[in-house]
Every structure is written in structure tokens, then in C-alpha cells.
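Labels for the chains are A, B, C and D, by order of writing; each one numbers its residues from 1.
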Amino acid sequence: MKLVIIGGGSSYTPEIIEGLIKRHSSFPVSTIVLVDIDEGYDKMTIVGELAKRMIEAAGVPIALSWTTNRKEALKDAAFVSTQLRVGGLKAREKDERIPLSHGMIGQETNGAGGIFKAFRTIPVLLDIAEDIHDICPDAWMINFTNPAGIVTEALLKYSPHKKVIGVCNIPFNMQHSIAEVLEVDPSSVRIEFVGLNHFVYGKKVFVDGMDRTQEVLDRLIEQVVNYSPANIVSLGWTETFLKSLQLLPNPYHQYYYKQEAMLAKDLQSYEQNGTRSEVVQEVEHKLFELYKQPTLHEKPKELEDRGGAYYSDVACSLMSALYNDSHEIMTVNTLNQGAIRDLPLDSVVEVNCVITKSGPMPLATGALPEQIKGDILKMKAFEEQVIRASLSGDYEEAFLAFLLNPLVGDEDRAKVVLDELLIAHQAHLPQFN
Amino acid sequence: MKLVIIGGGSSYTPEIIEGLIKRHSSFPVSTIVLVDIDEGYDKMTIVGELAKRMIEAAGVPIALSWTTNRKEALKDAAFVSTQLRVGGLKAREKDERIPLSHGMIGQETNGAGGIFKAFRTIPVLLDIAEDIHDICPDAWMINFTNPAGIVTEALLKYSPHKKVIGVCNIPFNMQHSIAEVLEVDPSSVRIEFVGLNHFVYGKKVFVDGMDRTQEVLDRLIEQVVNYSPANIVSLGWTETFLKSLQLLPNPYHQYYYKQEAMLAKDLQSYEQNGTRSEVVQEVEHKLFELYKQPTLHEKPKELEDRGGAYYSDVACSLMSALYNDSHEIMTVNTLNQGAIRDLPLDSVVEVNCVITKSGPMPLATGALPEQIKGDILKMKAFEEQVIRASLSGDYEEAFLAFLLNPLVGDEDRAKVVLDELLIAHQAHLPQFN
Amino acid sequence: MKLVIIGGGSSYTPEIIEGLIKRHSSFPVSTIVLVDIDEGYDKMTIVGELAKRMIEAAGVPIALSWTTNRKEALKDAAFVSTQLRVGGLKAREKDERIPLSHGMIGQETNGAGGIFKAFRTIPVLLDIAEDIHDICPDAWMINFTNPAGIVTEALLKYSPHKKVIGVCNIPFNMQHSIAEVLEVDPSSVRIEFVGLNHFVYGKKVFVDGMDRTQEVLDRLIEQVVNYSPANIVSLGWTETFLKSLQLLPNPYHQYYYKQEAMLAKDLQSYEQNGTRSEVVQEVEHKLFELYKQPTLHEKPKELEDRGGAYYSDVACSLMSALYNDSHEIMTVNTLNQGAIRDLPLDSVVEVNCVITKSGPMPLATGALPEQIKGDILKMKAFEEQVIRASLSGDYEEAFLAFLLNPLVGDEDRAKVVLDELLIAHQAHLPQFN
Amino acid sequence: MKLVIIGGGSSYTPEIIEGLIKRHSSFPVSTIVLVDIDEGYDKMTIVGELAKRMIEAAGVPIALSWTTNRKEALKDAAFVSTQLRVGGLKAREKDERIPLSHGMIGQETNGAGGIFKAFRTIPVLLDIAEDIHDICPDAWMINFTNPAGIVTEALLKYSPHKKVIGVCNIPFNMQHSIAEVLEVDPSSVRIEFVGLNHFVYGKKVFVDGMDRTQEVLDRLIEQVVNYSPANIVSLGWTETFLKSLQLLPNPYHQYYYKQEAMLAKDLQSYEQNGTRSEVVQEVEHKLFELYKQPTLHEKPKELEDRGGAYYSDVACSLMSALYNDSHEIMTVNTLNQGAIRDLPLDSVVEVNCVITKSGPMPLATGALPEQIKGDILKMKAFEEQVIRASLSGDYEEAFLAFLLNPLVGDEDRAKVVLDELLIAHQAHLPQFN
């Protein structure tokens, strides 16, 4: 069984290698090929060599190699993971800095920055999906590239390859943090998730089948639970908010429900330390220095500070569940098919699914709770607009995407920031030229 | 045929009297009774005496009287119009001032102010509707009280009286302004409206059945058309916005799509002249001085500066169309019934209807345009929340209404402004005590 | 203004000519061209000469001619009516005889026969619509060809020409019969129709805006109202049925709700007089003998026995309403757009519409009444299947259409009758070869 | 853990006892109480004594008793199963005989007979559910009483007790028959079921996650698979039918798609052997003779001829899955919640569910296949009507239920059979008196 990791030069790769080693008995990957673009070859080599040392140290029979020849790599693949960043961290820096410099949220996957990440990423991933469809049509494409929900919807709507699943670590993190606070095993916790990627809510928390939602809400009020990943500040929610919402928000919801405070915090942080991307570049630099050490033959602890921790763990669990037809319930980004009644059948939603060999089967969630119905419908309408603009490269479509985003909205500032980002990212937006 | 005007002491009443006189041959009202509360008796007497002079001068056989005994007045009524303001202009002043003082849009029918106007108004109008149902069950209740869409939905959902129609002058103003610019007769202009009260869009403009939408959009870009009523500043729309939207926005959309500029303008105006309510109080004072003049026997021109011009004209046209089973197409607030496919059947929507003796019959509008779908669904979810909170008087429900409103949103400032408004309006919010 | 009548050699043409003469002052058609295929040229000449005599006698300035050159005729047309019968009455004879000979309802527009009429007709009308789109793209295509609902849906879904309206005389007949019984003017009667062509129900009857539904239902129980057209027997409805249904059925509903009795009656009549088609051939023969008489210069009374009476009157009224942007409410077959909430937006439904210059605008009808919901949804699913089979010419698709039809249903007899009809109609079903 | 078996005197009870014994290690029931009405006490005693012998022979620590005091029995119950027959087999005899004597399908759960079974059963089960809600509100009510889908929907809509699941053996039988033909373990077979109880279709067949649907359809064509239960004749499906449908029908579909042949077969069988009920009474009599034998201490093989085989196995598996929060995928009757997009959220549907401690969670199934959409929507509309009539006892509502049923339909024969059944079942239909 062959796994191809596209964006293999990513600093996260050691985590996925660790996950594969750990699961080798039940999920026996025999071949791993890392793939990256030419500019990433050096980093990929560093990662690849570390990965080889990790495999060797673990004594598992996995052959690992790396290449920039994607088509060659895809031959006979059973799984393809995609974790790439078109334009690299430098592009992310612009996604963050330009909006912030106009007093708007500047963030990697939300608001104006997230829209541009989608604009750059969707055409590239559609290309990859087409290759997969041609070369290894039975392979599952496991996408962690953000904005994962929007990207996965674009793929499922416009790519001939239909075996695509989007993953995010947020539901996983929430499950684990809650397990920790309740002092139970994470596997005994089932949260009924409903919503969209980075806009997902927990409706109910069950522990061994017993409803303990209220208790978890109380702990959130007391701020005992904090399931924010490293890349997002956690400001805490007010008692009023949680008592009114009666749902578990995810950390990204802070950008929407606490926009003012988040903006103040982000601006302050920007003035002090530059963008998050710049901080991350620093972290990455240190990580690669570590990775180079020939004595290192395991994933270094420092990787956990990187922000996307557990992403790879989620992806490995998912691949194993698909391979083993395990019927585990996991929270992934997949076709709606009625799971969220109020959204189109072909929307991509982030909900609980039973994982089978033939793919994730979403659990029906009934009517959306009244208190989030409007926001989820609006957010999906925004996402659809981003996809339309990504494909058409049409200026008015892009402007509409900005206008529909709750972190942009205003027509005057939408135009200013859109125009500046279009120029800044010109090299990676051929469709807009 | 008897018409009862609840809120008869309003400065707008002479306009409705003029409308009834003008239409007397086709819509022969024989009796008009003005009704107001005790505090409004003096103003009602001034208005009533002017109205009597107007009727006499016109030589039409209408008997007019006024009373504070609502139940008595309702006997045998065929039409009841409701145009009232719980708490008067002093309450409006608070709706405007309190949000503005926290740097938020402070407006009579939108945002935090509009929510509180709904909270104060809905229980009062439900009482009136119950009286109508008991005393004159065949009467049409024509509601102009704002927020007209929300109030009408509350009545149609929770009142036993089902003959309720909400009216607004915005569609009428848009039709007339466009007719003026195109130099055609207003009656030859039909705009396909779709949306909610104060959140309605024009999809298409037809003149004598020919589609001239593009021409009107071009005129809007050149800022030749300006259909803002007196109470809203008109900042004009950018070319980019209109080319992207491809629909006719209404003046209130400025609060949503140009929130920053509107806030700046409103804050500046607030610092210079106080709230809009204070300006209006001044206007009203002058109007009543005019009304008192025994030589005045027509609606004074000065009333047109008041902001709600043509409201009464719309209401008179509507009542005449109902009475005559005229099958005219008018834009009113009524039960959806599928007219806007994406909204519940029992939502109140603002769409084109054929007016029959048995009520307005909405025209089906198909799928919502993609570019407004999300916002209309979100706005309706907000409106539903306002109604729930208005009825329950529950603090968390009210907080959710604030949180769901796009002009409030943020959980921190929602709480501050909500708490302040709850205290300020305590006297008119028995359900919250 | 030019009108093209495709199927101009039809015995109904004098009725449409009469309608155009009668309406000439408000709907001033200047040119009429009859079009037919070669086989119909002689009949068309007889009809054309009668029509010329009618026009001359009436003294209206209409130029009339006839041709078999469709493309030539379509130049500059403003309206095109289509009333044709692929395979003629001989084909209808087979549609009736073959099912009847297997003990099934054999009827022109319902059951197996209706399905085959659709199979033969849809490809031909798609061709015509394409010509219209190329040659006179602004023309309205007014289709009376049965099964009118299915045919119109096929055209609106698959033809580039979107200005297509389907008409039927059933709603018109019901309105007129009810007016007669209530002794009121037909124009004062408005029935709220909901459903599909030949499967439409009257929800409410209003006379001058007053609801008189119950009274009409009572009259139906007493069998005082009988609005069956000449081609359908009227067995009358039982009191139990009408009290349960609480809606006005149309005459074709007898095939569904009284299948046994109708079958018995039709079989008896078939044994005595042969198929309805054979009876009609006789009637037609006599009509054409009448039409030939050079002294005849008006529509002969005998035409009313023909079954489709008033079809042309409906079509003329509709064309006049379109031309004059009259905003009349008429019942036509048009795109749903939400009018019937439970059906797809792009279904064709038979509902009340406001007729404007830009087309019919359907009135929203809310949720389907519980007692007919299932049947209407099933019937639409059947209609969709007929269209799929008509276009694909696929045997399994055709079999499914039979299986889904409530007058066929059974898999065994479906196959027998399908196979026999496929052979019988081979010449007119190129798509199935 | 206590299990209460209502209808404990049923001949099926030994099967459920066997299932509980078999699963005792993973599903440790400690107390079983059989409950029946006075008339059933003797049979219950026979069954109870056999059950005691079975438990003793197996050496499992289960205390078993029986009583006619339902309320007493329910105390502290964790599970309550309901398998009862209001009016007994004598009532079933009427449900079968009366329609057959008028040349209509006379069947226990379909057509006129099934409607009357619902009329008799729903009020009784609502009473039981109310007792459960009062006495043991945490207990799961597992309903096998037919028509199981309709009855479960009535309970979930109108009972305060919401922990109700309906079960049927058809999906289980289909899974096992297919496993047998494919020579695989039944647990490796997953069929994607979609539809309603006794009107469910298999969309896809997966074996160990691999799609083998086409192969199974081919075997059905060759008539190698036959998954009909003992109470339904299996006529086999034609190749044309299966190639057109492209889905797996269930045995009850023969009543709808092969109505003529089934009716002929059933009438023949009725003439030869009397009703199925009479045959069953004979079988039951023999079974009880067997049960009485003090040497019998296991479920006798003869029970498998009884028709409802595996029902109890399904029920035991389900209770065990609920108890163990097992996340198995099972096919049960539960609230739709969007699983079948085209049906209301609160419909009861028969679909695949993940079984958790907090109940079954249905998997979303997307849009209904075109070829069954209409029939499923019609069948659900019929089911809703049966429930309305069951509760209201209104004659017109009952007539509508008959009219909407595809095995009745015709208004004339509907009335005749309805009237006869109403009189015949008078004693068990208090709501209709």
C-alpha cells in the first residue's frame, strides 16, 4: 500500500510519519513518497532524511523516497495527502499583513486572507486531483490544505475525482480537551458536530453515550476548558454568550463573535511581533535546524508549538479507518447529502461521519439550531462565492466574495483590500490576469 | 365603510386623510375614527380638527371623529391602520443615542435600536390585533408600524387575527424615483422586489413589460437616481458594488454594505445636531403649530420633509385595491407561502403581490440570487430571534437577537448596549421585568 | 404583428380565427400564417379558405396565408401556436386501442396512451422551438399540444427557447361552469388552482373576492355542476369523496379516483363505438365537409362537439394578455419557481399566474394540501421520467415511465403494453430505434 | 437490567428468550417480565413456563415472571418490547378476508387490512408509551408491532415518550440472504437501505466495503436470491423490472409492482386454504402444543415457519447495541432528521443508523433515486393520513387514507370496504364510535 504526501517538504511531515509508524500493524503502509515543488526540494530532503531515520529506528518495513515528479509518484497510490501552501509562508504574510494594515482581521484561513488562500490553492489542487483521477483513480485524496472546507467543496464539485475528504484538527482538539477536563478517555467522548470547517459547533457532548453537554458548557464558562490551537489566541467566552448560545463554539468563532477584541489583540501582536506568519517562519527555521540533526530519529516535541498539531494524527486515523472499513465516527469535511438539512445536498459540511471503506457517510443532524442557522447559511453562501471567484478569476465575483465575508463586509474597505491583495499575489493568481 | 386609524394623533394623519379624500369615488370610506392613547389626546384633537376641515373643504361625505376608547372605535370597522410609536419620539431618541454613544449604528428600525422598537411594539400590536379579532373580525389590519416586517410576522404567527398586511414606502419610493429618471409614468414601472422589509432588493425593472434593469443600474452608478427617504442619508454606491451586485439595493442597505461610512456620517450628525429623533421632534413641533391654524384645510407641504412621505399613499392605495378586488401588483409584507423558496412558508417577506379582495397573493420569485441569498437567510434568522425574544422577555433570547444582528454582532458590545437599553426602556418592556 | 399557427390544418383553427377576429381592436394581429406538414396540406387549404372567408366577413385587416415551409413562416413572428398531433388520429387510435385491449385505461393524454403521445411529440416540438429560437427569438410559443404539461416542461428544460407557455381548457371550463351554476359573470370567478396539467385541483373558489368554495362543493355533490369536456365521460363524484377531498377535482381525476368505473365505461364504449379516436375521425370528417362550403363564413356550431372547445379562446386571451401587459390572472402551464413549494423550481406546474408582457408570473400557493400532496409528487416524478425516456429513447427509461404511471403500474402488464405500443408507433419514434 | 415484553404471550417470545440467553455475556439482562392482557394469560403462562425452562437449561442468571399488571411490570424497566396484536388473529382474519372478498389485496400490513391494523394498534401503543413515560422514562421502547413504520411515527409524533425505535426483519433477511448467495459472512455485508417500513429499497450492497450491487442484481434476475419471509409468496422479478429499477426491491414491493399477479395468487390461496390468518392460527395451535411439553427447553425449529423469524434476533441485537453504545450500523425505523432529504424531518423512515447509547443516528442518504422518489413521497403522504385518521376517528379522514393507498385507490371500492371493516372491527375502534 502506497501513500503519497504532496507538500512532503512541510515541517508537519514528521508527525504524519510518526502516525504511520505507530499504526503500522493495523494500517500497513509499505511505500511512502514525498512530493514537493522544486523550490521545496531542499526542505523535503531534510524532512525525508529525518523520516527515513524515524522509520529505521522504529523497525517497520516502509520504503520512503522523495521526488518532484508528481505524476511518477502517484502511480499505484492508495492514499494521497495534500498539505501545501501556494506561495509559501511569504504569501501567508501578505494575507495577514495587508488586511491588518487596513484595520481588518488578517488571518490565514478567515476573512480576506483566507479568501486569497483559497484563490491561490483551488486551481492547484484541482490540477492535482485531475492527476490522481488519471493515474490512481482508486486513491483517496486526503486534503488538509486550508481553507479545507472551501477547497474540498471546490474539488468535489469541479474535479472528476470524487474520492476526496477534507480534514481539520479542530474537532479532534475539542474532543481531546474535553476528555481531559472530564478526566475520561478521549475515545469515550463523542461530540455531535454541526457546521462548516472553522465554523463548526458542538451541539451535544456524550461520554459513553451519556449526555454531558451542560457540564461541558459550565466548564467553558469557568474557562477550565481551552481547546484553542497554538495559532489562535484564546480570549475566553462570556457567561452570557455561552448561556445564550447553548452550543460549543470553536476557537475560530472568536473572529466572528469577538471581532473587536480579536482585532485589537491581533493588531497589538502585529505591532509587537509582526504577523503570525513571521513568527511561524522563525519556528519553522528552528524546526528545520532540529530536523537536520542526524541523531534525531523521532518527531521533536517542538513541532507541537507549530499550531497544526494533531492534524496528521487525524489524517492517519482517517486513512486507517477507510482502509479497515472500521465504522468509526469521525468528523470530516464531506458531501452534505442531507446531513445538514438546510444546506444543498452537494455542499461540503463538517459533520460526524461513519468511516467505511467506500467513504465517509455523514450522520443526519436534523434542523440547524435556530441560534446559528442564519450564520451557517450565510457562511456557506460566502464559501460558494469564493469558489465561483476562484474558478472564474472574475473581479466582480472576487469583490462579492469579499462583500459577503462577515470579517470584510463593507464595500469601501472591501475594494481597497481586494485591490491590494490582487497586486500582491499576482504571481500565484493566473486566473485573475 | 369604516376606517379606524390607531395612532391617529400622528403627524402623518393628514396625509392619509388627503389620500382618502382623493380616492373617495372609488374607495368610499364613510366613517373615520382616530384612536390614540390618553397622552396623545391633545395632538389627536389638533389633527382631528384639521382632518375635519380638509374633509369639509373637499366636500366628501365622510364622518370623522376621535376617541381614546379603542374597543368602541373598532365596532364595524372594515379597515384598521396602525401607525404608532410606543414610548413616542423620546423612546426613539434612546434607540438612537445609546448605540451611537458606544460607536455603533443607532437607528430607528435597524440594529440595536430597531430591535428595541420591536420589543416595545410587538406586545402592544398583538393586543390591538386581538381586539380586532374579537370586535371586527372581517377588518383588514394595515400595519405601518416599524420594524414593519418583523411586527407583521409576529402578528401573523401569534395573533388569532390573520388579515394583517405590513406596508412600507421604500418600494413605492423606488418605483417613483425610477419612473422620474426614466421619464415614464410610475404606473408603467414594475420592479420585481425580493427580500425583507428594509432589506429588499429590486431584481428587475420593467417599463411597460420591457426589461430596463441594466439602464437603471447604470443610472444608479452615475448617481442620477436617488431614492432615499428623508430620514436616511444617501451616500451613493460605488460602480464596483453595483456591477457586482447586479441588483437594486434599497437605501437601508447602506447600513450593511457601507457600515463604516454610515457610522461616521451618523456620528458626525449626532455630534452636530443630536439624534435624528431630536431633529424630528423639532419638525413635528412646527407641523403641529401649522396644523392648529384654523385656515389650514389641506395637508401642508412641510409634511413631506418628515421622512415617511408616501407611507399613507401606499396604505390608501392598498386599502382601495383590497376593497375593489383590483388585482393590482403591489409590494407588501405578507406570508411567504413559497414566494421566496429559501424561506419558511410562514415567514413574512416583502415581495410583489396581486391584491385581491381576499388578500395579497405573493408572486413566486424562484431561487434567491446567489449574491444575496446568505444575507437574506441570516436576516430572517435574526428577525425570528427578535420575535422570540419580544414574546418571551427572556434575557438570553434578547442577547441572541443582538448577537445575530449584523450591526451589533460582537458579544462584548452586544451585552453593554443591551443592558443599557433594557434599563432605559424599562417602562415599556413589561415582558422583560 | 404576426401569428404563426403550427398545425394550422387542425379542425380547431376556425375557433382561433374567430377569437382573433373578436379581439382585433385590443389585440391587432395583422398577419396569420398557417403551417402544416405535407400530409396536412389539403386539410389546411380547406381551413385556410374558411378562415379567409371569416376574416373577410368580419371586415378586419388581417392577411392570412398557408404554407408547409415552417422556417419561412416563422420570420418576424410575434406569437407561434402549436397544436399538432404527430401521427394524426390514427396514432391516437393506437394509444387508445392497445391499452384497452389489455384491460387498461386507453386514453389520449393519460396512462400508456398519453406516455406515447409524449414520446412522439416532444422531439418534434423541440425542433420547432429551436427554429423559433433561431428565426424569431422574441416570439412567444403557445403550446396546446398534449400532454401539455409534460411537453411544456420538456421544452422549458431542454430547448434554448424559454418563451414557452402551455395551455389547457380545463381550468377555463371549470371557471365557466361554476359561473353558470352560481349565476354570476365568469370574469368575477377566480379559482385557486394548484397542480399539474390534467391533474389540477381547485383549492378555493372566489366570486368577486368572496370565498364560495363550500357552496360549489355542495353543488358538485348534488351534481349540478358538470365541467367535463366532450371527450371525457362524467360519472359524478360521491358525496363521501367530495367531503373528504375538500377540493374541486378536474374531470381527468376520474381516471385516477374512479379507475374501475371509468375502465368499465370506456371498455363498453369501445366495444360499442370503437375508440374515441374513431368517433372523432367521424366528427372531423363531417366538420371538414362543413368547412368546404363556400357559404360558410363563421365557425360552425358543430365544432363545439369536438371536445377541445375553448382551447383556442384560452390561447387568444393569453396572447392578448401578454401583448397588452394586462396583469390578468390566468391558469397556465409555466415554470414553478416556488409557486408549489414541494416541487422543484424548474418543474412545470398548472397554477394561477399574472400575465405580463414579460411572461406569466405564478402566484405562490403555499404547502400542498395534505390530501393531494403524495399524488402530485408522484405524478410529477412520473412526468419527469416520461421526459427522460422521450429524450433518451432508452427502453428501460420507457419501462420506468410505464411503471410509475398510476394507470399502468404493474410490471407484467407494463411490459406487454409497452412492447406493443413501441412496435405500433415505430415510424414516429426515431429515438427508440 | 430489566426487560419487559408486552405481548409476552406471543408465540415469538421463545425466540427473544433464546436471543437474550445467547447474548447474556455482552447484554446481561437480569429480569424479564412478560405482560399480556387477561385474554392472553393462559398462552402467556405456557410461554412463560417454556421460557423458564430455557433459561434454566442455559444456566444464565435471569429472573423471569409474567403478569397482566402492566404498570407494575414497567417499574425500573430498561427496555420494553411491544409485540402485540389488538383483536388477535381473529382481527387479522377480517383484515385479510374482507378486502379479498371484494377482489382487493387483503394483507396484514399493506392495503386496507394494514390500515385497519394501524387504526386498532396506534391508540393502544400510545397508552403503553404514556405508561412508560410515567413509570420508566429512561427505558427504550422497541416496537415490532406492525405496521411498524406507521406505528413508530405515531408514537414519535404524539407520545411524550421519545425513546422509541421500530424494528422489522426485512432488512435483516435481505442482508442474510445476500450473504448466503455471495458466500460471505453476513456481518461483512452492508446494504444501503432507503425508504419506509415494508417499502424499503436497497440502494447499494457492499461486502467488506466493496460495491457488489450489480452482482446482486444479476443474481436476483437469475432468481438465485430469494429473501421473502414465510408470510409472503415470492413470485420473482422480471429482468426488465430489475434492469430498470437498478435497486433491490423488498418482498412487500410485489404488492405494488405485481399487484395483479399477487392478487390472483392470494385469491387462489384464499379459496384453497382460507386467509393467511387461518393458516397461522393452525401453526400457532401446533406451536403452543409443542411449547406445553415439559421436556422442551429450547426454541422449537417449527417456529421458523411462522413468518416473522429473526424479528426477535433483530430486536435483541438492537437492544444490545444500545446498551453497549456499540456504533454498529443497523437498519431501523427512526426519525428522519434529514436522512431522506425529500421527507419531513419528523417523518419516521427505515434507513441505516449508527446505534449509540443515546439512540439510533440515521445516516444521510442524499436525494431519493428518481425511479422511486414519487412512490416514497406518496407512501409517506398515505402513512401520515393513516395516523391522522387513527387519532381523530373521523370517517372522512379514514376514507382519505383508503383513497391514498395504492392498493385501494378507487373511490367506489374504498367506501365499500371501509364501511365493512369499520363494522367488523367496531369493538376495537373506540375512536370511531
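Operating definition for what follows: a residue touches a chain if its C-beta (ideal position, glycine included) is under 8 Å from a C-beta of that chain, and two chains touch if they have at least 3 such contacts.
It should be emphasised that the depicted structure is a prediction, and the values quoted were computed from it without experimental measurement.
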{"item": "Far-end chain from chain C, centres as C-alpha averages", "value": "A"}
{"item": "Distance from chain B to chain A - Cα centre to Cα centre, in angstrom", "value": "45"}
{"item": "Centre distance in Å when chain B and chain D are each reduced to the mean of their C-alpha atoms", "value": "56"}
{"item": "Contacts with two or more other chains, residues of chain D listed in rising order", "value": "none"}
{"item": "Set of all touching chain pairs, with the criterion as stated earlier", "value": "A-B, A-D, B-C, C-D"}
{"item": "Touching residues on chain C, where the partner in the complex is chain B", "value": "190, 206, 208-211, 325, 327-329, 335-341, 345, 352, 354, 356-358, 361-367"}
{"item": "Chain C partner contacts - residues on chain D that touch it in the complex", "value": "237-238, 240-241, 243-245, 256-261, 370-371, 373-375, 377-382, 384-385, 388, 396-397, 399-400, 403-404, 406, 409-413, 415"}
